[in-house]
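Just below sit the structures, each encoded as structure tokens.
In what comes next, subunit A is part of two complexes: it sits with subunit B in the first one and with subunit C in the second one.
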Partner chain A sequence: MAEKILIKERLGDALGELSKFRLLAPTKSDEVVLFKQIDDPAEAYLDYLNSTVPPKRVVFPQTETLFKFRAGEPDLEEKDPSEGETVIWGLRPCDARAMAIVEKLFNWDYEDPYYLKRREETTLVGLACSSIPSVNCFCTSVGGHPFGTEGLDVLLTDLGDKYLVEVVSDKGAKVAEALSGLLADAAGADKEAAAKLSTEAEKGISRTIGTEGLQEKLLNLWENPLWKKVSAACLGCGVCTYLCPTCHCFDIQDEVEEDEGRRARMWDSCMFCEYTLHGSGHNPRPTRRERTRNRINHKYSYFPSKFGDIACVGCARCINLCPVNIDILDILQQVVEA
Partner chain B sequence: MVEQLIDTDKLKKIAEEVISREDVRLLIGYRKGTFGFRMRPAFVEEVSEVGELEFTPACVNNLATYLTNYERPPLPRGTTNDTRKVAVMVKGCDSRALLQQMVELAYKRDDVIILGIPCNGVIDPAKVDKRFPEAKGPGDVKREGDNFTFSADGKTETVPAAEVIADKCTRCRYPTPLVYDELLAPEVERFADDTYEDIAGLEKRGSDEKWAYWEEKFSRCVRCYGCRNVCPMCYCDECVLDRLSPQWMRRSVDISENTAYHISRAYHLAGRCIQCGECQRVCPMDIPIMEMNRKFYKDVAEFYEYEPGTDAEEKPLLSIFSVDDKEDFIL
Partner chain C sequence: MMKNPYIPYRVNIIDTWFETPGDRCIKTFKVTFADEKVWETWSHRPGQCAMVGMPGVGESMFCISSSPTEKEYLRFSIMRVGKVTQAMHTLEQGESFYIRGPYGNAFPVDDWKGKDIVTVGGGIGQAPLRPVIQYIRDNRGDFGDLKLIYGARTSADHCFKDEFAEINQKGDCACHLSVDVEEEDWPHYVGFVPALLMDVAPSPDNTIAVTCGPPVMIGFVLKNLMELGFAPTQIYTTLENRMKCAIGKCGRCNVGNLYVCKDGPVFRYDQIKDVAESTA
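What follows is the complex of A and B.
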């Protein structure tokens, strides 16, 4: 499908049209930007660098009921994972790419019906990073791009008073069809303007890391003293993992109250002290040194060896938000030099 | 005229002497961060690492937390823990955490060497990030009179201190550490007072209004536990939150569990919080955690004339009882 144009003045109308879907967009409360279901187009906050919590939460909620049970009743009450046809409007290319990467895991030896159902019914309308990306963004080092379309169904590029609308999948075509009354054909100049912004955005990324050979190298540095050094300041909180668009670890727990309860799945973090803690009391990763090593190895060694992709999209949330300035690029640089 | 206080050469000289001592295993200080104007904790074990130490108004972390946030993995047979002293750099506010930890018998005074930093205020990294979103850095921050001077990427800019200083510093009553072995600069005179203006709004709200306010904030919480882990007063061997069996608090993230978490956290800190503000600084979800802590702090001060972390000889608030204790707030 050829590129289209959406005039910004009609953005409200466009979001109105899409309200027949479950529509989520970035919203701002205090200094926090979160993807939320919006009822009023005015709630959408698109002048943002990136959301605080990645939109992974839409398809992979932090807490979700799998089934409910009741004492004396042999039948379980299964929960339908469907949330209905969903459109996420205005997410960043790195976060969409993260979903494409994580999907490989949820679709691997076991097809996860919860994740896959919601992923299938969700259409991703991306917003290219046409202003200069944040100082710590490094998507181009790990296979992404500020204008990348991997995982996306539609890509929007902000051209000042209008958006260039590029449909990149069949699901995207469905959204474009819903908006057809509001879209006009793009002129050659619009496409050129977008291409120029794309080149500038790529140049605007200042932080980089060479990833060649990292996968094997990491395995050879198992007992290297660098792990103690880089994890010394770690507090063991879940900021880096919970706010990571590719971190996908979960725990399954039963919550029982009197004679009824539910089995629920919830995010877990390899930085927590009770993560993979054995019933015997043994912990295979007893300190933050092993936990930090696991976080890096999982992203840059284990995941790529299984699925081909580095499980990091360079969104830099972990760098920007770490309470003690533990910086994944700083760690990787030390790995490269070790 | 408020000036940059810490002479880096003097700091390094003292640090070198300290880490060279046979009875010292570690010195915890600050070093340059990786981007913007960040500074980060430094863990110095060798004289060769002393060169990276620095103190600037960007040294926001309360390093006292590392004296209690250490790990005790099972030791290989025949080995013992290194129990030699730890040296730590603390600002005035941070030093109160040390006092409170010692009041609670977390360790003994002799276990630590305290390098005190008289401080006239640190920056608020969130305000600075907003002001300089494009600063790649790592840059420098200096205090000059009523301004902070920021230098990064070949550019220098001067900003009035009031615009980027951390809120807690505008009401700091203890700029000079209350406990130390060595003071790294001359004492700073008390320059502010605490009028609790920031929580006047909270106190005036009715209970429905309060609930609406906190419900919105708590519902954002993702329970990363950054606020707990950064807190120098949160150091139970096994936190009630991490216990899986019995599970006192669910891992589920919803308004009910989130509220229970925040209330438990605040209660456990009443009479113990020393107002360093680290919990709120690290919160990625911008939850005004200090509003709760400040209200408890004020109540404790007013009801019991007790101020945690100011006197090493004091006993913990909850372990003292006086027949004169006020009861008029008890239902």
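What follows is the complex of A and C.
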């Protein structure tokens, strides 16, 4: 499908058209930007660098029920994971790419019905990073791009008073069809303007890391003193993993209230000491040193060795939000130099 | 619709007994599926595991301690350690719990046909070895000599005591048993399992060694097997880690880039020898 144009004045109408879907867009409340279901197009806050909380929570909720049960009743009540046809409007290319990467794990051998159902019914309308990306962004070092379309169904580029609309999948075509009355054909100049912004955005990324050979090198640094050094300040708060768009680890817990209960899964973090604690009391990753080493190795060595992609999209949330300024690029730089 | 791997099957306890006494007692459950139709699709191999638990309490991963040659029931031998196992230990014959699986890889017993087999177990580590031994006993003609080496702290701490007696009586294989410390009327070896292994000194010729037990024991058994001339490709062991999903999603059970739940729990020694985290 050829590129289209959506005039910004008609953005409200466009979001209105999409209200037949479960429509989520970035919203701002105090200093926190996160994706929420919007009823009024005015709630959409598109003038943002990136959301505080990644949109992974739309397909992978922080807590979700797997099944319910009742005391004295042997049958378990399976939870239908469907949330209905969903559109996420205006997410960043790195966060869409993260979903494409994590989906490989949720498809690995055993299909995860909860994740995959919602991923299947969710259409991703991305918003290219056409303003200068945030100071810590490093998507281009890990296989991404500020205008990348991996995982996306539609890519929007902000051209000032209008958006260039690029459909990149069949799911995206369905959304474009719903908006067809609002879209005009793009002119050559619009495409040229977008291409120029794309080049500028790429140049605007100031932080980089060489990832070649990291997968093997990390395995050879198992006992290197750098792990102690880079984890010394860590509080074990887990924000680096909770707010990471590729972190997918979860816990499973049962909750009972009176004679009803549910088995639920919830985000977990490899930075917590209970994460690997055995019933016997033994813990194979007893300190933050081992846990930090595992977090970095998982993202840059283990996951790539299994699924081909680095499990990091360079969104820099872990850098921007760490309360003690632990910087994954600094850690990787030490690995490169070790 | 695809089968939801998180939904467990209900099983009924047809028999249960204590293997060992004490704080960390071991109880064996013999179970059958509440819905008999599950048997039509269920198939497991020696060494595979299942998530075992109770709604409202939780679930944990355990090896299936029965061999697929034992039809119409599954066995689990469970040590009382934490929340789930304490709840499991309150269950009696006629009651139910839930399982899902089978998970993980298995001991490649069919590749071992024609070979001599030696199993080296310690404590509850005999549970994953039991299906291997039973499988060989039920296909006795397909395998060579079978040696069973097993020890625990005291004779009371031995799992599957009655079975060892029966095996000895039938002459299916040689049972070499040990206790860690001297006790009255103990007719067998006194000492740790790795020392018993050196005492038995099995030949590595055309032999497969399988070892499960506490990590410290496994470490010394591996060392001693190498000393006896076994190559890493002749040695199999199992790893364990905390697990939640058992299907390679929840993240925590990895040793290096291997997920114990899916890539294991059975590993040939050469596969994990150089994985630093496998001894953590």
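Quick notes on this structure:
The rule we apply is simple: the second predicted complex is superposed on the first by the 338 of 338 C-alpha atoms of A that agree within 3 Å, B and C clash if a C-alpha of one lies under 4 Å from a C-alpha of the other, contacts with A are read in each partner's own complex, and residues count from 1 in each chain.
Everything below uses one rule, namely that contacts are C-beta pairs under 8 Å (C-beta built on N, C-alpha and C of every residue); 3 or more make two chains touch, one makes a residue touch a chain.
Given the structure is predicted, the values throughout are model-derived calculations rather than measurements.
After superposition onto subunit A, partners subunit B and subunit C are found to sit side by side with no clash. Contacts of A:V32 after superposition: subunit B is touched, whereas subunit C is not reached.
After superposition on chain A, the vertex angle at the CA centre of subunit A, spanning the CA centres of subunit B and subunit C, is 90 degrees to the nearest 10. Residue contacts after overlaying the shared chain place A:Q253 against subunit B and subunit C alike.
Look at A:S134: by the touch rule set out above, it reaches subunit B but stays clear of subunit C.
Contact with subunit B, but none with subunit C, is seen for A:D327 once the two complexes are overlaid on the shared chain.
Taking every C-alpha of subunit B against every C-alpha of subunit C after the fit on chain A, the minimum distance is 6 Å.
Within subunit A, the residues touched by subunit B in the first complex and by subunit C in the second are 251, 253, 268, 277.
Those residues of subunit C that touch subunit A in the complex are listed here as 1-2, 4-8, 10, 34, 55-60, 81-82, 84-85, 96, 98, 240-242, 244-245, 247-252, 254-257, 262, 276-277, 280.
Listed in rising order, the residues of subunit A touching subunit B in the complex are 29-32, 34, 52-53, 62-63, 132, 134-136, 206-207, 229, 232-233, 235-239, 242-243, 251, 253, 255, 264, 266-269, 272-274, 277, 283, 286-288, 319, 321, 323-327, 329-330.
By the touch criterion given at the top, residues 33-36, 38-41, 43, 61, 65-66, 69, 71, 73-74, 126, 133-137, 216, 220, 222-226, 228-230, 242, 244, 247, 250-254, 278, 281-282, 284-286 of subunit B touch subunit A in their complex.
For subunit A in complex with subunit C, the touching residues are 66-67, 69, 71, 74, 76, 78, 105-106, 108-114, 219, 222-223, 248-254, 256, 261, 263, 265, 268, 270, 275-280, 284-285, 290, 294, 297-298, 301-302, 305-306.
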